[in-house]
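Chains: A, B, C and D, in written order; residue numbering restarts at 1 for each.
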Amino acid sequence: MGIAVIYGSSRKDGNSEQLANVLVEGFEVDQIHLADYNIEPHQDYRHSEKQPYPEDDYHHVIERVLAQDVIVFTTPIYWYGASGLTKTFIDRWSQSLRENKTDFLAKLATKSAWVIGVGDDKPHLKGIPLIQQFQYIFEYTGTTFEGYILGKGNKPGDILQDAVTLATVSEIRKLWRQQL
Amino acid sequence: MGIAVIYGSSRKDGNSEQLANVLVEGFEVDQIHLADYNIEPHQDYRHSEKQPYPEDDYHHVIERVLAQDVIVFTTPIYWYGASGLTKTFIDRWSQSLRENKTDFLAKLATKSAWVIGVGDDKPHLKGIPLIQQFQYIFEYTGTTFEGYILGKGNKPGDILQDAVTLATVSEIRKLWRQQL
Amino acid sequence: MGIAVIYGSSRKDGNSEQLANVLVEGFEVDQIHLADYNIEPHQDYRHSEKQPYPEDDYHHVIERVLAQDVIVFTTPIYWYGASGLTKTFIDRWSQSLRENKTDFLAKLATKSAWVIGVGDDKPHLKGIPLIQQFQYIFEYTGTTFEGYILGKGNKPGDILQDAVTLATVSEIRKLWRQQL
Amino acid sequence: MGIAVIYGSSRKDGNSEQLANVLVEGFEVDQIHLADYNIEPHQDYRHSEKQPYPEDDYHHVIERVLAQDVIVFTTPIYWYGASGLTKTFIDRWSQSLRENKTDFLAKLATKSAWVIGVGDDKPHLKGIPLIQQFQYIFEYTGTTFEGYILGKGNKPGDILQDAVTLATVSEIRKLWRQQL
C-alpha cells in the first residue's frame, strides 16, 4: 500500500503537515508539497478550440498521485476552504478529463482518500463545507472517501496537543497496518 | 451605489459571466476578471519573520473591490467549489489582515455581497458547500451576505435559458433600483 | 399530473402553507395537513421480534402521498429543521420499508419532489441543512429532487411580500403546465 | 459537573444509547429517554391568541435538562436527521421561549453541549446536516457546542467495535475528568 500525501500549505512545517506526518510515519509514502511546484490556474477549454494547456508541473504531480493507492489531502483551512494551491491543483483535473477521461477516472476509482484540514476557527464545524466539497469530488471520480480529520491549530505545534485528533490518527494507522 | 463584480472564470463569456452581466447591466459597476491579473498563492507568514509578499496585482485588485459598495463574486463551479482563481484571491485577504487588519475589516463590514455560482452537476444541491464557505467568510469580515444564485449551465448561453434564475436576477435588480 | 402537498405546520394558514397554496393553485392536488392526523413516533423494530406498529393514521396518509406523481413537502423551519410533525412522518417510512421495501421504493422512485421551507432567521443560509437532509432522503428512495424554495417569513402573510420567492413559484408553475 | 443525556431512540439499548453510556459512565448523570415520556408536537401560537399548550411531560423533561451543566443529545440517525422524538422535543423549546424567553435562554447560555448521532449509511458524511442543524440551534441559544460524534452502527453492539469512535469517547472522558 503506497500513500500520496498532497500538502496544500505554503508554509513548511505547519500544523496540517505535522499531523499528516504523524499519520503516515513508517508507511511507504510519496510526500508532495504543492508549494514546491508551479501549477497554473486551469484553462477552461471545454467550449473552444483546444489550445495548449500550461506547460508546468501539473503532469508530474498528478502522475505521482496516481501511482499510489491512497491519497491524503492535507490542507490548512484558509478562509473556510482548502488552500488556493490545493483548489488550483484539483481544478486542473479537468484537464486530465479532457486528455483521457476514461483512464483518469478508472485510476481514481481504485483509490481511497482521506482529507486532513487544520484551522483555528471552530474547524469541527466551519470546516464542514470543505469536507462536503471533497465528498462530491470523490463521488464524481468514484474514489472511496474513507474519512477525514478536522483539527484545531494556529501556531505550529498546536495540533500535536490535540488528544482527540491524535487518537483518531492512531486508529487510522492501526487500520492501515491491518491492510498491509 | 457602486458594484464590484469579481469574475473567477478563466473562460471569457462563460455562463457565470453572462449571468452577472444581466444582473448588473445599467448599474455603476467595476468589472474585474481575475484571469486578467497575476495573483500569486498566499504566503503564510503568520508564524515566521515577515518576508516580502509577492509583488503582483493583488493590491490593485483588492483596492478596486474595496472602492465599491456591493461585491458580486461570480464563479463557475469547478469541482464543487469556487474556481482556483477565486480561492487564491480570497486567500490573499490574509495578507491584508496582516498589513492592516482594522482598516480592512472596517471597510468590508460596510459592504454587502452576493455570490453567483454556475455549474452543470445539480448546482442547487452540490453548490451548497460553496455557499456555506462564503457564509463563514462574510461572517468573519462582517460583510452582509445578501443572497446567492446557484444556476445551471454547461455550454455558454445555457444560463440565459434558465427562467427561474432569470426571474431571481430580475427581482434583485428591482431591489437595487429601489436602493439607488 | 397529481400533486400531494404535505403540510408540516401545526398552524393553519401560516407562511409555508400560503406559499404552497400559491404554487399549486389550479392543479390537481391532494392537500394533507399532518396536524389533522395522528401519527405516532416510529418504533424501531429492526433488531427485535416484530411487534405491532401503532394503529394510527400513518397508512392512510402515506397511501394518499403514493397515489400522486409529485410530492411537495411544505414545512415551517422550526429550530433550523423540518417540523417535528414532518420528521415523525418521514421516520415512519422505515415501517413501510419493513412492510414492503421493494414496492415502497419502486413507487417513490417514480415520483418527483419539491421542498418548501419558510423561516425567519436567514432561511436562505440556515435552511440549508434541512435541504441537504432531504437531498439524502430522496437519494435513498430514488425520488427525483426537482428543487426547493427557502422563503422568509414570520407573521402570516410575510411570504406573499417576497418577490424573489414568488417569481420562483411562478416559474415552477409554468414548468408544471408544460408537463401536463 | 452534572450531565443530562437525552436519548432520542425509540429502541432500548441501541447503538446511540450504548455509545452514550460508555461516554458518561461514572459521571453524575441524569439519563432521559424521550420514548418514556409523552411530548406532543409543538403548537405554534406565535400569531394567535394564546391557547393552552399540551399538558404533557414537556415541562418535566426540560426542567431536568436545565438542571444539569452539560447536555448530551444522543440520537439514532433516522432518515439523515435527528429522530422525530428528538426533533419534537426541541420544537417545544419554542413554548419555553414564549413562556419565559429571558430565563430560558439565560440558562441554556451557561451550558455546554455534545451531540451523538449513530447511523448506518456513511454517518461521517451524511450525518453532517444533522450537526449543522444543532450548530444553528446552539448559536441561537448561546449554548457552547463542544463537539460531536458521528458513529457507524446498524445492529446493536456495532458501535462498540468502532475503534476511532471509542478513542474519541475516551478523550472526551479525560477532558471531563480534568474539569471536575
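Following the convention adopted for this analysis, a residue touches a chain if its C-beta (ideal position, glycine included) is under 8 Å from a C-beta of that chain, and two chains touch if they have at least 3 such contacts.
Keep in mind that what you see is a predicted model, and the values were worked out from it rather than measured.
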| item | value |
| --- | --- |
| Whole-Å separation of chain centres (CA-atom averages), chain B against chain D | 38 |
| Gap in Å, rounded to a whole number, between the CA centres of chain C and chain B | 34 |
| Multi-chain contact residues (two or more partners), chain A | 128, 132 |
| Touch-based graph of the chains, sorted into line, ring, star, complete or other | ring |
| Touch relationships between chains, expressed as pairs | A-B, A-D, B-C, C-D |
| Residue numbers on chain B that touch chain C, as the complex places them | 124-125, 128, 131-132, 135, 145, 147-148, 163-164, 167-168, 170-172, 174-175 |
| Interfacial residue positions of chain A with respect to chain B in the complex | 9-11, 14, 35, 41-48, 76, 78-85, 87-91, 93-94, 121, 126, 128-130, 132-133, 136-137, 140, 154-156 |
